[in-house]
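Every chain is named by a letter (A, B, C and D) in the order it is written, and numbering of its residues begins at 1.
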Amino acid sequence: MTASWLGPGKASAVALTFDVDAETGVLSMGEKYARHAMTMTHQAFGPDVGVPRILGILRELGVPATFFFPGWVAERRPNLVARVVEAGHEVAHHSYSHVPATSMTFAEERNDFERALEVFQKQDVPVYGHRAGLWEASWQTASLVAEYGLAYDSSMMNDDRPYHVPTERGDVVELPPHWSLDDWEQYAFLPAPQIGSIIEDPQKVLSMWKYELDAMRRYNSLFMLTNHPFLTGRPGRAEALRSLIEYGMSHGDVEFLTCREIAERAKADTSLATRPLEQPEIEPGLFPSE
Amino acid sequence: MTASWLGPGKASAVALTFDVDAETGVLSMGEKYARHAMTMTHQAFGPDVGVPRILGILRELGVPATFFFPGWVAERRPNLVARVVEAGHEVAHHSYSHVPATSMTFAEERNDFERALEVFQKQDVPVYGHRAGLWEASWQTASLVAEYGLAYDSSMMNDDRPYHVPTERGDVVELPPHWSLDDWEQYAFLPAPQIGSIIEDPQKVLSMWKYELDAMRRYNSLFMLTNHPFLTGRPGRAEALRSLIEYGMSHGDVEFLTCREIAERAKADTSLATRPLEQPEIEPGLFPSE
Amino acid sequence: MTASWLGPGKASAVALTFDVDAETGVLSMGEKYARHAMTMTHQAFGPDVGVPRILGILRELGVPATFFFPGWVAERRPNLVARVVEAGHEVAHHSYSHVPATSMTFAEERNDFERALEVFQKQDVPVYGHRAGLWEASWQTASLVAEYGLAYDSSMMNDDRPYHVPTERGDVVELPPHWSLDDWEQYAFLPAPQIGSIIEDPQKVLSMWKYELDAMRRYNSLFMLTNHPFLTGRPGRAEALRSLIEYGMSHGDVEFLTCREIAERAKADTSLATRPLEQPEIEPGLFPSE
Amino acid sequence: MTASWLGPGKASAVALTFDVDAETGVLSMGEKYARHAMTMTHQAFGPDVGVPRILGILRELGVPATFFFPGWVAERRPNLVARVVEAGHEVAHHSYSHVPATSMTFAEERNDFERALEVFQKQDVPVYGHRAGLWEASWQTASLVAEYGLAYDSSMMNDDRPYHVPTERGDVVELPPHWSLDDWEQYAFLPAPQIGSIIEDPQKVLSMWKYELDAMRRYNSLFMLTNHPFLTGRPGRAEALRSLIEYGMSHGDVEFLTCREIAERAKADTSLATRPLEQPEIEPGLFPSE
């Protein structure tokens, strides 16, 4: 009998994750946006107002969460990561610069990856997992994660349960996210850079995510919620998040876990799928090359 | 008295169709996306997780469906098409590469068309109909469909009932789809390639499609639903699909049919419209030519 | 005491207008789209299926409407305009090619304007009013309307009641439309040309337009509804239109009128605003010129 | 004991603000749009029909508001600002041209800033605060505000309560707005320039903003509503605004204030945050530079 990643009697697990991108969320689209005062303050709202507010909600409800920090953000606000750790939450690796690995060489990606690790080390914060900036991992990202001894990655989308990824440097666990459980598509709006085209009602988002949680209970999926404090830290959205958590807690069969806890359980669960990550070979001329 | 494409006492027919585009859904927009690991896994979710889940729902509810496969996808996952056939569903031709025929010469389109047929032949899977990648048929597509002995096409939008298309190579039946009964516009989101700008609540989609089905019962239309397993295979959307099917089944006057069944009935129904497909002649200089 | 454009005891008037753009709706964005079979059939749905369906609803409910035809569409489907006239509705001038006047010289606009008039004359169809393609009138459009003896234009947006426009060639009445009472923003979707990014639920649109009608009853506005048969001719949307009309009819204080009727009443109503149409003078260098 | 920016027993304050951009809203995106008659009239609706309608609602409900005028608009419609002042509302500085300061040199921004001040002076209208066009302030905007003796700015987004901004020229109060309390993202639609992609139901917006107000009462935030008369002056949206105000008034713990009143109270409230505005230093090569 194999260990199960889901606790006894549990139908689904919720990972509350917060990507604290702050300014890197737009700087990774162009350094020129540093000149845009409103845009920079729009992003700064995340760490400066959003994170404390979210920490308050998590404390009130007594649930754990995982905060993914770009190294750049951790470096510039040295007390921020410590505050998250003190509140009992997990801190994880979200690249250094938030620039997508798909726009880098592998050497550049490694360099960016290491640089973030150094920041966390200097701040004495242990990290167990990684998420690519914008989820835009390369095909080598998983082996970097293994090489540096992290337990999990959270960037791939070919499942809605944890799965095993074999790499040249050892196995890692993938904790797959998805756009439909991300606040970006629902709330993001900025004219420069243009990061969204509409702003949805938090009540729509709450209703949609409750519906998704119920469906995931049917399929024993991982409810991997990705929120951004610069978005969900706003009052109405924060209250919708509170209601979502309360809804999940009201079911006896849903547990709230950190990514690390899920990864450790998943590692021992041999019933989960194994999915190697390999770039598909493309026949020249078959698809447009422009 | 002519045969009727709708069964006795039936007000509308539902064709549940699934376009299993997998990676071709984005590779057909640029081969460079093969480098994007998250994007490729996002698409792989369709055949690897979505199709089995959808097959489960169809089995539980006892309704037939039609799965449109690009030849490229059938070739790379040799057991997938067989699994669909064994479950009692129809498999149909969805081009080889999913590259729009409007971006090809006619010779290129023919080559792509034949190549997919060869894949299905090699896998011993009979196909009866065709749908253009992205529905972007050329003006010659229907005659290709006739030439290769298929019974129907499902790419044109000038009716919401089946109709007859005369071609140089014989008549085919058109089973018209429409954007409003497609999950792409409701759920698709990716930053690279940018395939959508918002993610809708499955409850909105369910409500809209129930409303459409009721309206189609009034007009005796064909409810041609086009879903993509990489989208609708996600838990909340899969449950919305289940509810939609249950809603249709709760009406006594709605039947669920494969495309082949509808095409065969429509072929014998001379009361349906005949609509030749001809490129409009354009007066030079009248419309912008840039 | 001045005549009033609103009938005695009426709080608002509804003008149901249908822009039968057919293929010109996309050809005016590029003649290359003539090669796109699906796109052309998507547009052809309007005159071929949508218009008969809408005429049926109007007949059942007993309300009049105004159909705006590009001359190109009237010319290619010679029986279509006659059918609308026989059903008792108004036919109006919607340019010849649907190409925006803002992309033409004034001579080109005049030529396009006259060419449409000739089509209507040849078909023996009297027209009383005009609407610019895409509402993209030039600053001279109103004087063309006056010069050719038409009573009204319906392209400008600086009021929600009819108003008087003085021109060098005489006065015309403006019957202002608005994007928020147009089905395009709610329903249009095509990838090439990209004409929309989301498809809304007809139930949302119905609810929004009922709310607007109630608000317009408060402000005595003109409910100028602009629908496109290639969009609203689809079953669910057609039924939402039916429900909207029934809702308006259920109020004793709303009347349904053709544009011609409204223009004639407005012409005699001196209490309505007079708004000259003049291009603002722009100081060089003040606004970006690229 | 420090003075509080919120009145005794109050949980939140509402600032109703109206940006009367009129034609500058699109001319600031390109002077060529002056040739587009429909677009210009679409914008003119704001001052010509929207402002009177909104003034009527404010009068009926007895609440104060703040109207931000670009100098260009105030100059071209000399009676408009006076009418707002006579109705008892605040008038504030919204640049001269509405061109974003982020596209200007500092000298150009100062020139534009002064030019608007001269218009208000010539019309004998005192102004106490400033909002950047499109909120696109530069990093020097706050010091301009201080230098010219204004009390507050309303363009930055790093808080949802008022805060103190130290500048070289003295302190100012920031009254932060946000995209989620702006009608632009919900209602704006134009094809040229393309200023939006969908039109939302005023009932959605009303529901979302009521939800936000309730959440802000929990967090003691400033409900800084930014509306545009060319959008919210339309009947349905105006009625939704009326309902929103009535909803706020129905709570005993919400007060409606002008921006000036809030700024004066905030200035004396030392418990509010102090947030210097400084451009982040960017390491060369870290972020994309193109």
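As a working rule, contacts are C-beta pairs under 8 Å (C-beta built on N, C-alpha and C of every residue); 3 or more make two chains touch, one makes a residue touch a chain.
Fair warning: this is a prediction, and the values are worked out from it, not measured in the lab.
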item: Given chain A and chain D, the chains that contact each of them; value: none
item: Relative orientation of copies chain A and chain C, as a Cα rotation angle in degrees, nearest 5; value: 180
item: Most distant chain from chain D by Cα centroid; value: B
item: Distance from chain D to chain B - Cα centre to Cα centre, in angstrom; value: 48
item: Distance from the mean Cα position of chain C to that of chain B, given in whole angstrom; value: 34
item: Numbers and ranges of chain A residues touching at least 2 other chains; value: 197-198
item: Category of the chain touch graph - line, ring, star, complete, other; value: ring
item: Which chain pairs touch, all of them; value: A-B, A-D, B-C, C-D
item: Residue numbers on chain A that touch chain D, as the complex places them; value: 23, 27-32, 34-38, 40-42, 44-45, 48-49, 53, 72, 76, 97, 99, 103, 187, 189-192, 197-199, 201-203, 234-236, 238-239
item: Parts of chain C lying in touch with chain D, wherever the complex brings them together; value: 102, 132, 134-139, 141, 155-160, 176, 178-180, 185-186, 196-198, 200, 204, 207-208, 211-212, 214-216, 218-219, 221, 275, 277, 279-280, 282, 286-290
